[in-house]
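Two complexes are shown next, each including subunit A; its partner changes from subunit B in the first to subunit C in the second.
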Partner chain A sequence: MAVIAPTLPRVRAFRLGDHVVAWALIAPALLFLVVFTLYPAAATLVQSLYSTPLAHRPSHFIGLAHFRQMIADPTFREVLANNLLYAAGSIPLSVALALAMALLVDARIPGRGFARMAYFTPTVLPLIAAANIWLFFYTPGYGLLDQLLNRLGLPGVNWLGEPATALWAVTMVAIWKQAGFFMIFYLAALQQIPPSLREAAAVEGASRWHSFRRVTLPLLGPTTLFVLVNAVIGAFSLVDSLFVLTQGGPDNASNLLLYYIYQTAFQYWDGGYAAALTVVLVAILALAALAQFLFIGRRTHYR
Partner chain B sequence: MHRRNFLKLSGASAVAAALPTVARAGKVIDLPIYYPVAVGGPIAKIMDGYAAAFHRANPGIRVHPIYTGSYQDTTVKALTALHGGGASAPKLAVALSVDIFTYYDQGVLVPIEDLTQGDHAWLNGFYPAFLANSRLKGKTWSVPFQRSTPVLYWNKTAFKSAGLDPDRAPANWDEMRDYARRLTRAHNPKSATEWGLQIPSSGFPYWLFQGLAIENGQTHLAAADGTRTYFDSPETIGALDYMVDLSRKARVMPAGIINWGTTPQDFFKSRCAMMWTTTGNLTNVRKHAPFPFGVGMLPKHKRRGAPTGGGNLYVFTNTTAEERAAALRFIRWVTAPEQTADWGMQTGYIATSPAAWETPALKRYLAGFPAAAVARDQLKYAEPELSTHENQRVTQVFNNALQAALTGQKGPAEALKKAQADADAILQRYRV
Partner chain C sequence: MHAITLDTVSKSYGDHCATDAVSLAIEPGRFAVVLGPSGCGKTTLLRLVAGLERPDAGRITLHGRDVTDLPPGQRELGMVFQSYALFPHLSVAENLLFGLKLRRTPRDERTRRLRETSELLGLEALLQRKPAQLSGGQQQRVALGRAIIGGRRTVLMDEPLSNLDAKLRHEMRRELKSLARAFDMTVLYVTHDQAEALGVGDLVVIMNHGRIEQIASPDALYERPESLFVARFIGTPPMTLLPLGDGPDGPVIEGTGQRVDISGPGAGRVLGLRPERIEVTEDGAGIAAEVEAMEYLGADAVIACRVGPHLVSARVPGRLRPRLGERLKLGWSREAINLFDAASGGRLPDPTSPCPELFTTHRRPSCTAATS
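Our next item is the complex of A and B:
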């Protein structure tokens, strides 16, 4: 609008038409946004304030009772804590791995195309298929990991069946799945850095590490922030692997917020409480998106 | 039941029922039926074949089998479609027999007595053990279809190399533990298998555990009206003590959670010498075990025992009187002795009526494969599977307790007492 504004006085007669055209242009996007995002979000908020209807007991307004129930619900606390651990484990590792892979395939190494494809493959696989591959890796006895351990003379580990390892086993799958996706952003950013900057640093006698730390890394700042925000969103929404690997077990040791919402809504048929849990999840994701707008918007001057 | 009563009971469909119930010539009644695939084998192909055969015998009715994933997915999809309404919603479904309360509480079930209009003596043709999970408030809400029960499979080659009689299953708990000890390499370096025994505990550990609980004298884990559980009885706690000790004290079973899905694979690869799993796996094991194997009843303790399991046929309230008559026709056809016998032979599910076992086809099959009769013979000791109001939530509470004990997070008594308290809190509002 700011661009059009100076020309407005001359076309005043058509202003109404402009508005119609503008609205017509954003209408399709707006429609989809309302139907698939805004309305469901609002409906969820409303539903969270009503009790779950049963055949013999219709739904009625209960205010914040679901949220009070949530505070007292030990499973909710457990899945939230698990989800924070899952985020704390998967985000830094997948981002660091993505950067390392991007640096490697950005350099002139033999078989670069193949390496890029190999790193990106996990991203293309459906998560359920990927989880089935990992299910084999983790299988006690003859799974890939236990075979490796046995060859080293070490005893096998029941990776998915012990509370101490189940959550980390699931986290590994998320890291493996996401790192290739983030690598693409880093690769694009690396290729936009003018070679002259690094050449200048080399002429000044900077070591490769110094050049990376002082030149490359700061220039990748906006990309890192973008990737981080996406990783946070992923940590709360990529839970499909649980359906295959652990079903949240043993005893909720690997259960995550979104999977708990699924259980509440479609196994326990408690739609009201599931809606309240969804409100919490949406709030977390909205905070992540807000962070993206605030920080990335401010730091684009690096580009 | 008289026609007058039928009209009164079926409420919403009373108007439709008043119209002529005989299908008009040329009009075909469509019956979409949701079904899950829970065992190996070409289930979808068999189902489509049955639908085609039924249509040939009954040109006025066309049954549409619609594959809907696992049991869990099937119930999710059926209830979602029924709540959404519309023409594509299922008229019937094959769903877990224990989901009776889930459907009943949503008010979507037509009792079988309403379908049969008085003639329901045929229901007595099923094994009583299979009907136990169908009855509620004096009515029958589902018809036994793909039913199973857990059995013990053992590797005869491994038994022989450990000096055990390869043709004899362990008869009781002590014997199973002793056998398993001799079949575990850590205790017997000459054992052909790494572990003596696997009782899977992932996903739904309550089912196999229920076998132990029944054998220890806890006949039912829940009251028949689904409002009370017996998770913390001394018998239930004793059964969990035994199960936990198998891995943590006797060390004859792998520690931690044992995966349900990979256990048959573990058995084929001689990782374990004995496994507990569903009789629905029989055809799979017969096809893939690279060694001679035996099938036995679960070993007894204070008594013999096993839970029933598997899925039943349900009819939903979105049906017209015509559709209900057609649904009944299909149910009678698909559970008739010849059909039931065929279903059992093709899948490994237990044929659900004694009459089916008298058919020539099944007799021939048994003569060549006597192991198929073990599950049937075990039925006289079988008890209904755990089922309550809010079934999935209560079962989840129980599963979590079992897993907490099996992984050493909590002692069996502590875990089960907490599960009972949680179940009481959930079921409180259903007690009148």
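Our next item is the complex of A and C:
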């Protein structure tokens, strides 16, 4: 005891100082995290349980009333269904297209640099500009698609104006925009795979398809997981092209969750209901990411 | 019928000619090593045989079958890559069975071969591991196992030992050789390490600038190099090469008046001598030289002696320990002489008449008496 006692205060002082330094070091990052992420998240959660303040009636606690309202809300159901359709269409197609483009521009083809640039261009273009280009493609009567249809003697289609086609027209733009971005990740991953692996597979008698299926694709696993998580987040947070292309119309045919949240919050000024919608959106994203890590992550080979 | 035949095979990348009309025939069961400096085309040669590169011209035949236009998988070859090229996401067992599964080998045969190969290479305890969990030597064994598990008669190896440490490399050399003999495999093995080539091969192919300089057994290669390039390339230290000139009484070492007794003219010829064939003479006969550098190696010592403008390497018994600056006389027997054409670099016929002055009959083991 006599031996230990004199050293005790020094140890305690050191630990205290240690903590102070540690907190001081993470303080700037923590401040930003709290102000811009944690507080808004908590505030949204709280807001979703309160009614939207009105001029004559201040906000008050209403429990899960917003969520009950949501279940009964036909627009919410339509928007959610749209979003699931949009995700089911855009995610597999953009990821598959990205992989195909990456494989193509990874191979020794003439004009490889140009092809890489061309594939990546949609990603670099500001979305508003890109959406405007597509707006021209889709314009009824003299748009690119209608001109092509007219040449073939077919009647024009109001791609963005018809409820049947509006969502798919929006999906096309998103695939076109995303695929180049995802391609970059696949291309980087492909270049990490030593060519000798493909050669070893070839010497063992593997066809190109088999070599891709058994060697390349498994080694791209971590990239696929990363890209998929990004694609899912992207699918549920698309909002900017809707502003330019359809504003969610016609009659919500192309409306998606985040755009509906925007409308609820800033067009109908129903902040409480928008907060509840946001909570649901975040929950969907969290569940999707969790599922991906559990099901794909477990079978993924990390180098 | 030869196991591997190349008939005037050429391959160039841009304007760089990697292999230039190479012809080569290797009998079944041979352990053939392709040796050459980096960039000489040896790896290209191997890749051409594997089918990983297509030749611009020429034909490649394996066991009598023209495979020039066949993809690698149909050539029935095993291959060990320098980087091992193990599939990182597959276990050792899956790596080994990769080719057998592709060829739809029946399950019980696959199991049997896997057991035999893993026993042979000492991999039984590692079958469920991933390549990243193995040491370099173990990875090397898996790569080797993958090449031989299918019972391929011809196996290609691209510097398979270059990533191992010196001790392991030595062991693996011996093991590779006995393995090749046990399975009666034909091996085509590429290396830039001449000690490895001479140690492991029973046929050595020396390449330089995309051409084959010489194909010979290791001892023939060492004793009778067919060109100046081979003479310089093989041996540590390499063969001493002395350009000859014409003196008043016959051939002399160029730049000196020192006569060498070789019939015929001197100019235009190069005299080649292996260091261990040069001896320090005691009777005053021979070429006068001055010790300029010495490397003591224990059993022997390599001395570099100045002879006029040239340096002559001689391997002398270690106990002689000549001192730097010491003057001594060097002699050699007639059989030690290699003659080359200076212009073409090719080997010339062996000299017919012995030189009585240089053919020293009386030698004493000590060199102190020769000190002037």
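Basically, the second predicted complex is superposed on the first by the 264 of 303 C-alpha atoms of A that agree within 3 Å, B and C clash if a C-alpha of one lies under 4 Å from a C-alpha of the other, contacts with A are read in each partner's own complex, and residues count from 1 in each chain.
Just so we're on the same page, a residue touches a chain if its C-beta (ideal position, glycine included) is under 8 Å from a C-beta of that chain, and two chains touch if they have at least 3 such contacts.
As the structure is a prediction and not an experimental result, all values here were calculated from the model.
Undergrad: Once both complexes are superposed via subunit A, do subunit B and subunit C end up clashing or fitting?
TA: fit
Undergrad: Applying the touch criterion given at the start, work out whether A:P218 contacts subunit B, subunit C, both or neither, answering first, second, both or neither.
TA: The second partner, subunit C, only.
Undergrad: Which of the two partners, first being subunit B and second being subunit C, lies in contact with A:N252: first, second, both, or neither?
TA: first
Undergrad: Please work out whether A:P40 is in contact with subunit B alone, subunit C alone, both, or neither, and reply first, second, both or neither.
TA: Neither partner.
Undergrad: Given the touch rule stated above, what does A:P194 touch, subunit B (first), subunit C (second), both, or neither?
TA: In the superposed model, A:P194 contacts subunit C only, not subunit B.
Undergrad: Go through the superposed model and pick first if A:V203 touches only subunit B, second if only subunit C, both, or neither.
TA: In the superposed model, A:V203 contacts subunit C only, not subunit B.
Undergrad: After superposing the two complexes on chain A, what is the shortest C-alpha distance between subunit B and subunit C, in Å?
TA: Least C-alpha distance after superposition: 53 Å.
Undergrad: Across the complex, what residues on subunit C touch subunit A?
TA: 50-52, 71-75, 77-79, 81-83, 85-89, 98-99, 102-103, 132, 146, 150
Undergrad: Applying the document's contact rule, which stretches of subunit A touch subunit B when the two form their complex?
TA: 54-56, 135, 139-142, 158, 160-163, 246-247, 249-253, 263, 266-270
Undergrad: Can you check the complex and tell me which residues of subunit A touch subunit C?
TA: 194, 196-197, 199-207, 210, 214-215, 218-219, 221, 301, 303
Undergrad: Looking at the complex, which residues from subunit B come into contact with subunit A?
TA: Counting only subunit B, the residues touching subunit A are 72, 76, 79, 102, 104-107, 194, 201-203, 254-259, 262, 265-266, 269, 271, 390, 392-393, 396, 399-401, 403-404, 406-407, 409.
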